[in-house]
Amino acid sequence: MNRKILASGNLQIQRFFNLDTRAYEEGALSSKVKELLGLVASLVLRCDDCITYHVICCVEEAVSDAEFFEAFNVSLVVGGSITIPHVRRAVERLEECRKLNKPHLSKRT
Amino acid sequence: MNRKILASGNLQIQRFFNLDTRAYEEGALSSKVKELLGLVASLVLRCDDCITYHVICCVEEAVSDAEFFEAFNVSLVVGGSITIPHVRRAVERLEECRKLNKPHLSKRT
Amino acid sequence: MNRKILASGNLQIQRFFNLDTRAYEEGALSSKVKELLGLVASLVLRCDDCITYHVICCVEEAVSDAEFFEAFNVSLVVGGSITIPHVRRAVERLEECRKLNKPHLSKRT
Amino acid sequence: MNRKILASGNLQIQRFFNLDTRAYEEGALSSKVKELLGLVASLVLRCDDCITYHVICCVEEAVSDAEFFEAFNVSLVVGGSITIPHVRRAVERLEECRKLNKPHLSKRT
Amino acid sequence: MNRKILASGNLQIQRFFNLDTRAYEEGALSSKVKELLGLVASLVLRCDDCITYHVICCVEEAVSDAEFFEAFNVSLVVGGSITIPHVRRAVERLEECRKLNKPHLSKRT
Amino acid sequence: MNRKILASGNLQIQRFFNLDTRAYEEGALSSKVKELLGLVASLVLRCDDCITYHVICCVEEAVSDAEFFEAFNVSLVVGGSITIPHVRRAVERLEECRKLNKPHLSKRT
């Protein structure tokens, strides 16, 4: 679907997508920390698609379960009970990622 | 003002404030990372008082200017131009903190 | 799913869930009024899972149809037309609850 | 300022303002409960002007301090720590109202 | 479902629905511009049902693809990457409308 | 203040600011329509600084009072009474712009 958006010929949308990708690249802050920032921002803004995306990226950045749940807790405290259904779905996504059973993605507490 | 809220005798509010404080304590994630999570969450939710609070905490956790601006960039990209006035005020708060000129808080790029 | 979150061993998340449950207990304000507060908050923040939860609780607290629609109206006026799809789903949930046909939950106008 | 808006000659805006006023009138739910609904909705949506307005209306509806703080607690739990600065300002407004020292508005715990 | 809401006998909700319909009627601003305003408002507030509704209305008002994508771009820039999943779904809805192949609704770049 | 942000050396933030400026340039949609889109988006997201900015730009694009109030009405209906304080401030900003009494910006109903 992103391909269709990018195929629209709207150059500015393409540039926005490029900025979005580059915001999480290694820099003064590590990619891991930036993905956690993206995850918490997505949780408090309550966007399930964005949450799924950042859970996957965080798993790839070797975020441990304990780290995930502390980030979930910050989201809950900042965003309130209204974020609970989204935290629940984040946990489901995390479980699915862990079950893919790639050794380097396996549970790290 | 928090004292007045806490003096209200509402135990659950006191417990909520306690959870709020503890969410940023050192754990699987460092206090520094957690304060950055709090800062980005406050920026995308556009709460100036919360932003001021987390800028100060981040300065105390020795977050460098380059790290701050990468966190601001993640907030801008996730939250859009609607966050610009809040990023602007975050930069003002940061400048004020840096000017207090405590050596251990001074500019770190 | 809440069980999985609670099983994560993150004590603060467990405490947050506990605060969430206790916020709606009978006190200076009745449980019925508190559930209505939770329903309207969920509607203006537009969280369907939370709306479903509070519709069920309100039905259990014997909220009448006329009371429900006045609460929906406050939500519409405060939150605007953007809440209409959520009010619509709240009405669907309410109808399902009423159809369960438990005498003590039946329609009260 | 509302007068200027109403003087604009835009009939639909006038009708919206009329709906806004009538949403809190006595009905199946009491004005007191409706004002509490308006207060909590304003708190979780974090609008200080709306909070001030509904605090005043709630005081006029004889909402007690204990009732206010339970409503604040529901707002905090649903809306998270991002609502704390707004709860703080709501408490300030409430104190100002109580100090006006009209006997029928005085503290009722 | 709207019929059920309207059948509830709550006059104020009926009046709100009426105001909602009339807000997009031809006036000093054309219906086309007003539908674009409704579309962008729905995108930055991230309500998929509202987006679908306004995409259809915009297609009926002969909004061209280039105009749609410029409105999507404004939404992206104002609302940030959190709106991307909603822009994606708006593009899907737009494609479905174009495929209905009514000559007067066909692609206009 | 924007100068300070731009002076931070963070290239991506500079690119975001550039995208923000270009989103309102004349294209398939006129600058006037795009500024109205920006105004309504700012109103429903309730950002006073953004509202002030777009009111000024709309005045420069020769938006008439009747057009302004129809855009305010769309914002009110979509965003609800929670936007009233922001509409009020938008009207104040508009009056200030009109009083600057530049003939080409003067009231056009």
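We just call them A, B, C, D, E and F in the order they show up, numbering each chain from 1.
Just so we're on the same page, a contact is a pair of C-beta atoms (placed from the backbone, for glycine too) under 8 Å apart; a residue touches a chain by one contact, two chains touch by 3 or more.
Bear in mind that the values here come from a model prediction, so they are computed numbers and not experimental data.
Among the remaining chains, which ones contact both chain B and chain D?
Under the touch definition, chain B and chain D have A, C, E, F as mutual neighbours.
Is the number of contacting C-beta pairs greater for D-E or for B-E?
B-E is joined by more C-beta pairs in contact.
How far, in degrees, do you have to turn chain C to put its CA atoms on top of chain E, rounded to the nearest 5?
The C-alpha superposition of chain C onto chain E needs 120 degrees.
Where the CA atoms of chain A average out and where those of chain C average out, how many Å apart are those spots?
29
For chain E and chain F, let me know how many angstrom lie between their CA-based centres, rounded off.
20
Going by the contact rule already set, what residues in chain D reach two or more other chains?
Correct list: 12, 16, 19-20, 23, 41-42, 44-45, 50, 66, 69-70, 73, 76-79, 81-82.
So what shape is it, when you link every pair of chains that touch: line, ring, star, complete or other?
complete
Using the touch definition up top, name the residues of chain F that touch chain E in the complex.
It is residues 19-20, 23-24, 27-29, 33-34, 36-38, 40-42, 44-45, 50, 64, 66-67, 69-71, 73-75, 77-79 of chain F that touch chain E.
Considering the complex alone, what residue numbers of chain B touch chain E?
That would be residues 44, 76-83 of chain B.
Which residues, counting only chain B, touch chain C once they are in their complex?
Within the complex, chain B contacts chain C at residues 12, 15-16, 19, 22-23.
What residues of chain C sit close enough to touch chain A in their complex?
So the residues of chain C touching chain A come out as 1-2, 4-5, 8-10, 12-13, 16-17, 20, 41-42, 45, 47, 49-50.
Would you pull the chain E residues touching chain A in the complex into a rising list?
Residues of chain E touching chain A: 46, 65-66, 69-70, 72-73, 76-77, 81-82, 84-85, 87-88, 91-92, 95.
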